[in-house]
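In what follows, chain A forms one complex with chain B and a second complex with chain C.
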Partner chain A sequence: MMGVIEGTIVWSNIIVLLALGLTMTYITTAVPNFAQASFAVVGSYIALTLLRFIGLDPYLSIPLTFIIGGLIGISTYYIALKPLIKRKASIEMLMIATLAWDLILFGIIGAYSEILGSLTKRTETLFVFTNLDFEVYGLPGRLIVSTMLVLLTIIGLYLLLYKTKFGIALRASMENPSLAEAMGINVENTRLFSWFISGSLACMAGSILPYLQEIVPQTGYFLIVSIFAASIVGGLYHIAGALIGGYIIGVSESLFTYLLSMFFGPGVLVYGKVISLIIMIIAILIIPRGVTGSILWRRLEKWLNL
Partner chain B sequence: MIKVEKLNAGYGKLQILFDVDVEVSSGKITTIVGPNGSGKSTFLKSLFGLTDIYSGNITYDNKDITYIPPHEKTKMGISYLPQTNNVFTNLSVIENLKIAGYILKKNELEERMNFALKVFPELKDILNKKAGALSGGQRQMLAMATALVRKTKLLILDEPTAQLSPKLAEVIFDKIVELRDDYNITPLLVEQNAKRALEISDVGYMFVSGKVAYGGSAKSLLEHEKFQSYFLGIVDDESQIGDNYDGSY
Partner chain C sequence: MEEVGKMVELISLILFFFGLYMIVSLSLNLEFGYGGIPNFGKALSVLTGAIIVGGILNRLLIWYFGVSGDFISASSIACYKLTEIIIQNPLVGLGIFLITVAMAMIAGAIVGALSILPSAKLREDYLGVTLLAISEVVFFITYYDVRIIGGYYGISAPDILAFIPGEYKIYAYTVLAIVTGLIIYLFLERLLNSPYGRVLRGHRENEDLIKAFGRDIMKLRIKTVALGSALASIAGVIYVFYSSNVTGNAFTRVEWTFYPFLILLLGGKGNNKGVVLGALLFVLIRILIEFYKFDIKELLHLPFEAVWIQYIFFGILALLVLCYRPEGLLKEKPIYTPPIKSKLQN
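== the complex of A and B ==
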């Protein structure tokens, strides 16, 4: 049971990091990014590459995956979205553009895994880092590192968004871009920044993921369901929504599936994503704008003067 | 200060304004009144560059600003406060003031914020309150205060007293007068509360069906038979009002 709880926390932490990025880019650019999960798989492969070629521990490669991830995020915005936004493309068009971008990334990841395999003489189309993990007082490294990453990300985002001039400008641009522009804020810069952070967090999460599960080039297709469910359940219009939704989906997916497997056998584990989808559908029906868009949340915010 | 000549503007193919001539002089309160759909708000948006301008000229301190984008106009000292969404509701009062002076240097920002709070001392006690939690009057004052942080010379206000109680509306009208008298800011406003707005104004215009139906001193507009008739709802033929305006006052 301890193993299940530990796995649940790590999985939830990863979903939170991924959902945070999705929500940020949705708020700033109004684009639901279908390539978000592929960013994570790119992160996994960056960590693998550094491990294979220079023997760098995947945990130590996190700063580098963070930066490369950020650059991938910016590239996505510049190559796939900005030209369309300039032509006043509809949100559906932009959404399809991210889908196309996801397919391109999938193709690149697939080809890269083959090339890497031919160079390392190993099977790189499927890999894990579980055998590389460390333990501190019986606690696995993935639990400690993923929790630390979530905490650092939340503290970092809080300090940035609430204590710096740029952060306030970012929040202003998220709420009302045209008014922000009238105040002299370069809204374009705030969008770029969101895409950088989105890519960074996703790749960072991706470098932890192989400590929890096997990675294959198609991993993104399984991940994306949980990421979207987390952002939608938490509320796509509030950064805190990603945090709340991430834990709701992460915990529900792991624990419910585990409980169901106790009754119906391990075959149920394959259908874990159904739990996320059911929760997402229920949330859309009851609270269409997610937890952070609910009346209760607004009352809580008012009460806390947030 | 600002002179509009033969302005034709609208949204895409939908023309709202037809050959509009308006002049706003420095140090005077100018109010535009008129029925719903007469193009008053579109006119203000056109001044700030938020509509499609088909023809005509807008000059500000003798500079042609007809096609200058909004953020450039902000730098020139023109502030536009729309009727709604004029503050960031998710930001606190102090954050709204800070962001209003985004382009200013730290020292200058402090100075401008202190100035804005001197004009609107009511905001001092609620600096950490979220703008979304403010009353209508407080929100309007915050919107006007943000304009002051931006070193505004011409303050364009779209229905600043809309949805406010008569008492709060009076506070806002007093502030508008104070801005003109004590801080050398030129207010240009559109108001549904036509009578009270014209009472505090120096110059008044009446728009009907996208055209200027009357322009002159606010007092003369208030006393104008057609204005009185119209706002009492007696006039049923809008063209009668337009007959009196020759484009000057």
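== the complex of A and C ==
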């Protein structure tokens, strides 16, 4: 049972980190980024590379994956999206562009995994870090590190968004880009910032993920539904939405799967995705703007005086 | 002589997949090119066709022949028995094919109609995400749960053209795919050059306008996606019969959602002729890469499989087309209805 709770929390933390990035880029650029899951897999492979070549513990490689991830996020915006946005492409075209970018990343990951394999003389298309994990008072490292990362991210984002001048500009341009632009705020900077954070959070999550499950180049396919479900359930128009949605999806997915496996034995893991899908569709039908877009949330916000 | 044989086989392979992708991308053109509905769950309808063969037809056959044992081995015995019958009596094979296509079209229409229902409340981006998520989850279940269509083990499918000698079979399937593709092309050309087709284009450009003219938007969407999915599921059926087995991983998002979108962009969305041209171009590139993958690997000294290069290549191609020629090779043409034509002549 302990293992289930621990796995649930780690999985939820990872989903939260990934959904945060998705929500941020959606707010600033208005594109659902289908490549978000592939960012995470890139992060996993960066961590693996550092481990193989310089023996760096994957946890210690997080600062580096953070930066590289940010660069990948920015390049997604610059290469795949910005030229299209300039040409006033429709939202469907932008979505196809992120699908194409996802395919490019997938191809690069696959090719790279085989190159890495030929260099290290072992199969790198499938790997885990679980055996490398440390323990503190019986708590596995992945639990501690992933929770710390989520906390740090939230505190960091809060301080940045609510306590600095740049943050005010950011929030202004997220809420009303044209008005913000009229006030002399550079909206382009907001976009770059959100894509950087999106990529870096995803890559960070990706370097934790191998502690929880096997990574293959196709892992992105496994993640994408959960990420979108989390962001949509929480609300794509509010950063806090990713946090709430991430835990709703992460917890219900893991616990539901656990319950199912008690009755039907292992091999029902995949049905966890069904629960994400159902929650997502119900949320869309009842509260199309997600939990943070609902009336209840607005009341709560007023009450908390945010 | 061997070279010539190899060449003919290659051409046949190209034509076969040309037929398949023609079917799927024409159906996507109906939904996205004409109707503006971003069906990022296209793979689901192709998968539906495969499920009808692997999950329904095989179970019917097992029941009919009274085969016992677990699903996977029982279906290979049942398929073998049916194949024996088809060798004797070709009409049975064709009959089974037509019945399966009919079942797949009905199932495809139902799946399509159901999956578009959430769009009553959604904008394009949410709709696209929902359709993609539904398709992805169904793909996962059929791949990991081996009880449905054999999943990652795969499962046999009956050989409906068993009466044709082995070496000619691939040509027969090629003819089947191309003919089906042509029929669908002619059907869609007629269908879309009608009041329905014009309303559909109107829906793409401005939904409110169509509403103002008293059309029920939801009905229009359900009809369109149901038809589109029904047509695409035929491709799934033909593909499964051709490869004489069902494997879960053959129906990925890349193969049957992204590539049809790429074909649409390449050829020109909203123009069936363009889509056919796009399908031909795409399949030509793809099969050539696949056919010469070992040569490519050797020639470029790649330390990895050429399939990854294929993904990167098609991804970049899609971005380039989106950026520099979003209208595709053949642009969408304005509609000339008889009254407009007579006006233009005067």
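Note that in this section the second predicted complex is superposed on the first by the 306 of 306 C-alpha atoms of A that agree within 3 Å, B and C clash if a C-alpha of one lies under 4 Å from a C-alpha of the other, contacts with A are read in each partner's own complex, and residues count from 1 in each chain.
Quick note on the criterion: a residue touches a chain if its C-beta (ideal position, glycine included) is under 8 Å from a C-beta of that chain, and two chains touch if they have at least 3 such contacts.
No experiment lies behind these values; they were computed from the predicted model shown.
Asker: If chain A is used to align the two complexes, do chain B and chain C fit next to each other or clash?
Answerer: Once both complexes are aligned on chain A, chain B and chain C fit side by side.
Asker: In the superposed arrangement, which partner chain does A:Ile5 touch: chain B (first), chain C (second), both, or neither?
Answerer: neither
Asker: If you stack the two complexes on chain A, which partner ends up touching A:Ile281: first (chain B), second (chain C), both, or neither?
Answerer: After superposing on A, A:Ile281 lies in contact with chain C but is clear of chain B.
Asker: Report for A:Ile144: first if it touches chain B alone, second if chain C alone, otherwise both or neither.
Answerer: A:Ile144 contacts neither chain B nor chain C.
Asker: Taking the superposition on A as described, I'd like to know which of chain B and chain C A:Ile67 touches: first, second, both or neither.
Answerer: neither
Asker: For A:Lys165, using the defined touch cut-off, is the partner it touches chain B, chain C, both, or neither? Pick first, second, both or neither.
Answerer: After superposing on A, A:Lys165 lies in contact with chain B but is clear of chain C.
Asker: With both structures fitted on chain A, tell me whether chain B or chain C touches more of chain A's residues.
Answerer: If we count touched residues of chain A for both partners, the winner is C.
Asker: Check whether A:Ile79 is in contact with chain B, with chain C, with both or with neither, and answer first, second, both or neither.
Answerer: The second partner, chain C, only.
Asker: Should A:Leu260 be classified as contacting the first partner (chain B), the second (chain C), both, or neither?
Answerer: neither
Asker: Which value, in Å, gives the least CA distance between chain B and chain C in the superposed three-chain arrangement?
Answerer: 16
Asker: Touching chain B in one complex and chain C in the other: list those residues of chain A.
Answerer: Common to the two interfaces on chain A: nothing.
Asker: What does chain C use to touch chain A in their complex?
Answerer: So the residues of chain C touching chain A come out as 32, 36, 38, 40, 118, 121-122, 124-126, 128-130, 132-134, 136-137, 140-141, 143-145, 252-254, 257-258, 261-262, 265, 302-305, 307-316, 318-319, 322-323, 326.
Asker: Once bound in the complex, which stretches of chain A touch chain C?
Answerer: 30-32, 34, 79-80, 83-84, 87, 89, 91-93, 95-97, 99-104, 106-108, 110-115, 118, 221-222, 224-225, 228-229, 232, 267, 269-271, 273-274, 276-277, 280-281, 284-285, 288
Asker: Can you list the residues on chain A that touch chain B in the complex?
Answerer: 165, 168-169, 171-172, 174-176, 179-185, 301-302, 305-306
Asker: For the complex, which residues does chain B have touching chain A?
Answerer: So the residues of chain B touching chain A come out as 70-71, 74-75, 80, 85-86, 88-91, 95, 98-100, 102-103, 128-130, 133, 146, 150.
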